[in-house]
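This is the structure I want to talk about, given as structure tokens.
Going by the order they are written in, the chains are A, B, C and D; count residues from 1 in each one.
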């Protein structure tokens, strides 16, 4: 996985998210008149300091979550830190912030991958190759159509992922905002606005549809990438040799080999993303007002789903951007039987290029959908 | 699972879908001038006859899919049946039709469940009970707020499921519509219109984002139901006794027992739906222009995901519709410690009902979101 | 999936298992002196009658499990039926019986598949072909070595599956056998002996290691089959053409195509088995003395895992038994680069057949392990 | 997860494993006469140096695996390093070494947990409490019996895990050991012996039964722990209050709360282990002689499965070791209805302690199985 993605879901990033949540809470509470400006300033100052990520994580493990030790540290100088909030408010909001930042990187990789697919669809609009069903040659297609299909998958996955976002979380101990008296909803609104997160109708401490939606969509995006990686691997086989990966995947002992490293790693990432999303789905049913176990399992799983999906997209973007396409080989690989169907439907094509049906128009449609 | 749901995903329903697809194809092809009206009429007639579901399924298993034997049967009297199509065109379209019909039943159950949640949220707006985090009593809430949280989950799951639909499928052998010459796109448009399905930009034979989106959303909806079932089970415990299920879950040897049968079966359905959705996600990467294995695994998994999600929703709808709520017990169960937090935040509540923060307003927000 | 396997996990088979459990219970109780011989005879007689599977299933759904209505039916003529037992005793024992019967079929298919692999390993001991890593040609192997690797996987999976079995279940309402007074353990012993099932140390109503072990091993066996199917699909590709499946997988519109139907369906079955095993693993943690949901989810999942694993093995056995191997094509497919590594290690092979290292001895070792 | 476990599966541990594999290979090759003693000494020396874990991991990501850059580093001073081996030989062997070391820690935690269960079974042999089915009180049990059930699960899971081990891997480029000429099998034997790993019949580069067996058994062990954690959480509920966790899980704002932190984190670990095992199972089918994606996905998943399973066991061991059991509360919690079944079976117990059937003998059986 790309270093920026790993950084975006690191313990340090989660800590930044928690500090940002605590800061925004204090600011919102001061605006709403719940705490004084001076008290808020102390919190903001404390949130701006740096903390020992490892130590907090270690201590957090002992008490069940890392917010408790962090709050203790903040309160050394800012006794109104975390006023009226519960640990999950801060951690869920940190999760939303981490997810937002990491998702931007994932989106960018998916955009890049879509662009690479679109370019291939356009450039190879007329590059005739064998269609293959159940891994047997069927009627001809063009490589542009294949790339257009890939493009469609990425566009759909990207569009569906785009609307997956985690809202701000603020509910206090049991989700009633009781410790904030009359001002709970005001604080919640200001808090979400400050952070640029959406405000949910009610706290979602144990109603995790947004988390599972995000997790599932990441796995689906990784799956759309996986399909491309699978096709590239198959096309890059020695016996097919219609494409070659750009990456330096040469073998130490077999210099002639050009391993499809990018698509292999993309596939590995897709498997990982799917596993992590499965954990998120399995963790959806959470007890009463805060779960004992299912919630805690989300932290690592969501980080992994984000990083692995971004990793899959990044590997495949790089791979397609530098993909070497052997149009001549594509043409010569086509089996003489490829046109055997044609006669049955009253066609007498001179060659594969004459039995492509609506291929060209379909590519246009995929490109139009992409550019929309 | 309710009988209508099982019927909606039965082999017979799939066969109906296939016949409907073949019928619509012939009609579209006649309209587009690809086959004659008379030829189309023969197909329509053949599609109206009844076929032996079991025999087709058995034979289909031998050749890899049930469309092949069906087409052979249709062609006994209608030789232009399935003209220019591939088996997957018909099966995927049947899958779209089966999913649409079954999803209507699922949607209806989710609607009923949402209505039951909304009624409980309204009726128990002032029914004070213990909030519980990590299964320990925390600050008080109302049962209305708990139901409002449930409602939010169902509304979100329902809304996200509402937009999941499978498009029509028509691509021919390799997805180029070659056997239809110039008329492929016209046929595809008419075909989708006739069936009331959306028309995809390009065939989605191996680009399965729509299938995984549907599968994942079903599992998420089942998970939202699962959360309610879990809470009901916990509240119905002998030692808690705040709710009782309506269903006749009495034990043969222990007549005093009232087993939470509905929520137990809902939870079992949720587990099943999650497993089936996992299979769909695992099957996303499909080879070239038609997959050998991953596609075939979708049929049973999608049927199961639909039936199990509908089953979960149906069980929980029934359960909540008849739920006996013991408001008095809810009140007396509240631990004296429930208000221990209040003093720290400057409150001196006379009782739990005085330390509910924004509970009432939050319920209003959940109901407003539901009624929107 | 083969018809016998589907029958072995059908509702009728589960009903037979329940009747067998009730029968064995009564017989054991009479032997232990808990009920009279006459009372036991009445139960045995009632268990020998036939019941309406569908009606019991439907009614069972309403009350949470099918044993309740069955017991009511038995008691019409045998009032000591089910004496001191709990529904789960009967259902879990039925599950053990169903699993045992179905597993014999699975084992037989795996045995047949192993035999087919062994035959290929022996016959193609000297059939040189390209080794392929990351789907790129590497140094040469023989097809016998590839088949030996397949064999090893099946032998390991079969051996590990062989020891997975479910014990008899008898514990009464809470697992204490209280309703049987002093005679509980005697009854349990006689009951297990009669059924030919192992006797557990304590009831396993909610301690489900045996169920998950069985489920996981089925998925692993299906996965070992899946690896073979994947290789066969890849070798059968038009461009590789080193093997052909025997099955009638010809396409209606493309008569030249020989689809790898067997390996495709085997792969679909493997995906299904994996999903079902995942549900069993997810259902492992069960509450207190009887679970509300997780237990109920096991019934369908275990049936599916058994049938799908057997289905995968059966498809692949048939496929390998009739596999057409093109040794000439294997030889000519080998890339000239296949020997490029050799020089680096001081070898100057005249051809691929001279750079096979320990291939022959490795095949012997795999065959010896198989025959042990 | 405990720090030693995290260390045992860290990148540094994997690197140690790779170096150990390269060292053992050179030593074996010198013994077998394939390379000179001097050449081997140079490799041993190079393997004893320290390397930059991060840099190797980063570079490894680029070329597809971390062995390639490591070998380059070793060859700076030892040109016969990695002689005749393939990257996967080294990485799989490292995986076996990492798994062995981490599994010892897991085993130790499971042993400790079993001991804690056994102690509770013994000590609370006569501590009467409510049996609970579907979360409703049923006939009485003892806490000793419940602990005996937990014990059985851990013993079974531990025993089944004990025999899961990964063999040494040595096959060279395509698994034929060709680059070692006549000496391949000798080297393989010496290599495995030196490392204390079992020697497989044939290379298992793409026959991954051992990996999935290990992964599944880890998830099953985590699931056995999960069942205990679930019961403890339920027993620790405010309204039940029969046990209390020892850990400092007090809430910052609600000092009366004693959160079940240990069981919550154990449950989170179990979810994580299950997800990771799912990834391993999904990765079982691997192409030809080396997989492009599935193999690479195993590294992180196996590390996670090991660490999470060990983490679950460690949390629960600590929790049970310090568990506070309120026998008086257990007794008074028993519902008056708990004995309602007794009369039907001809018993007239004076109290719950008189309706325990074979409870005592069952505890003995579980303890005997444990001590065997």
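Everything that follows uses one rule, which is that contacts are C-beta pairs under 8 Å (C-beta built on N, C-alpha and C of every residue); 3 or more make two chains touch, one makes a residue touch a chain.
Source: prediction; values computed, not measured.
*Asks:* Based on mean C-alpha positions, I'd like to know which chain lies farthest from chain C.
*Replies:* Result for the farthest chain: A.
*Asks:* Once you count every C-beta pair in contact for both, which comes out on top, B-C or B-D?
*Replies:* B-C
*Asks:* Using CA atom averages as chain centres, what separation in Å is found between chain B and chain D?
*Replies:* 36
*Asks:* On a C-alpha centroid basis, what's the spacing between chain B and chain C, in Å?
*Replies:* Whole-Å distance between the two chain centres: 29.
*Asks:* Can you tell me which residues of chain D touch two or more of the remaining chains?
*Replies:* Only 64, 86, 132-135, 138-139, 173, 179, 229, 233-234, 249, 251, 253-254, 259-261, 264, 267, 270, 274, 278, 282, 291-292, 341, 344 qualify.
*Asks:* So in the complex, the part of chain C that touches chain D is made up of which residues?
*Replies:* Listed in rising order, the residues are 64, 83-84, 86, 131-135, 138-141, 145-146, 148-150, 152-153, 156-157, 160, 172-181, 184-185, 200-204, 206-210, 212-213, 216-217, 219-220, 223-224, 226-227, 229-231, 234, 267, 270, 274, 277-278, 281-282, 284-292, 341-342, 344-345, 347, 355-359, 361-363, 365-366, 368-369.
*Asks:* For chain A, which residues are in contact with chain D within the complex?
*Replies:* 1, 3, 58, 61-64, 68, 71-72, 82, 86-87, 173, 179, 229, 233, 247-249, 251-254, 259-261, 263-272, 274-276, 278-279, 282-283, 291-297, 300-301
*Asks:* Looking at the complex, which residues from chain B come into contact with chain D?
*Replies:* Those in contact with chain D are residues 130, 132-139, 233-234, 236-240, 249, 251, 253-261, 264, 278, 282, 333, 335, 337, 340-341, 344.
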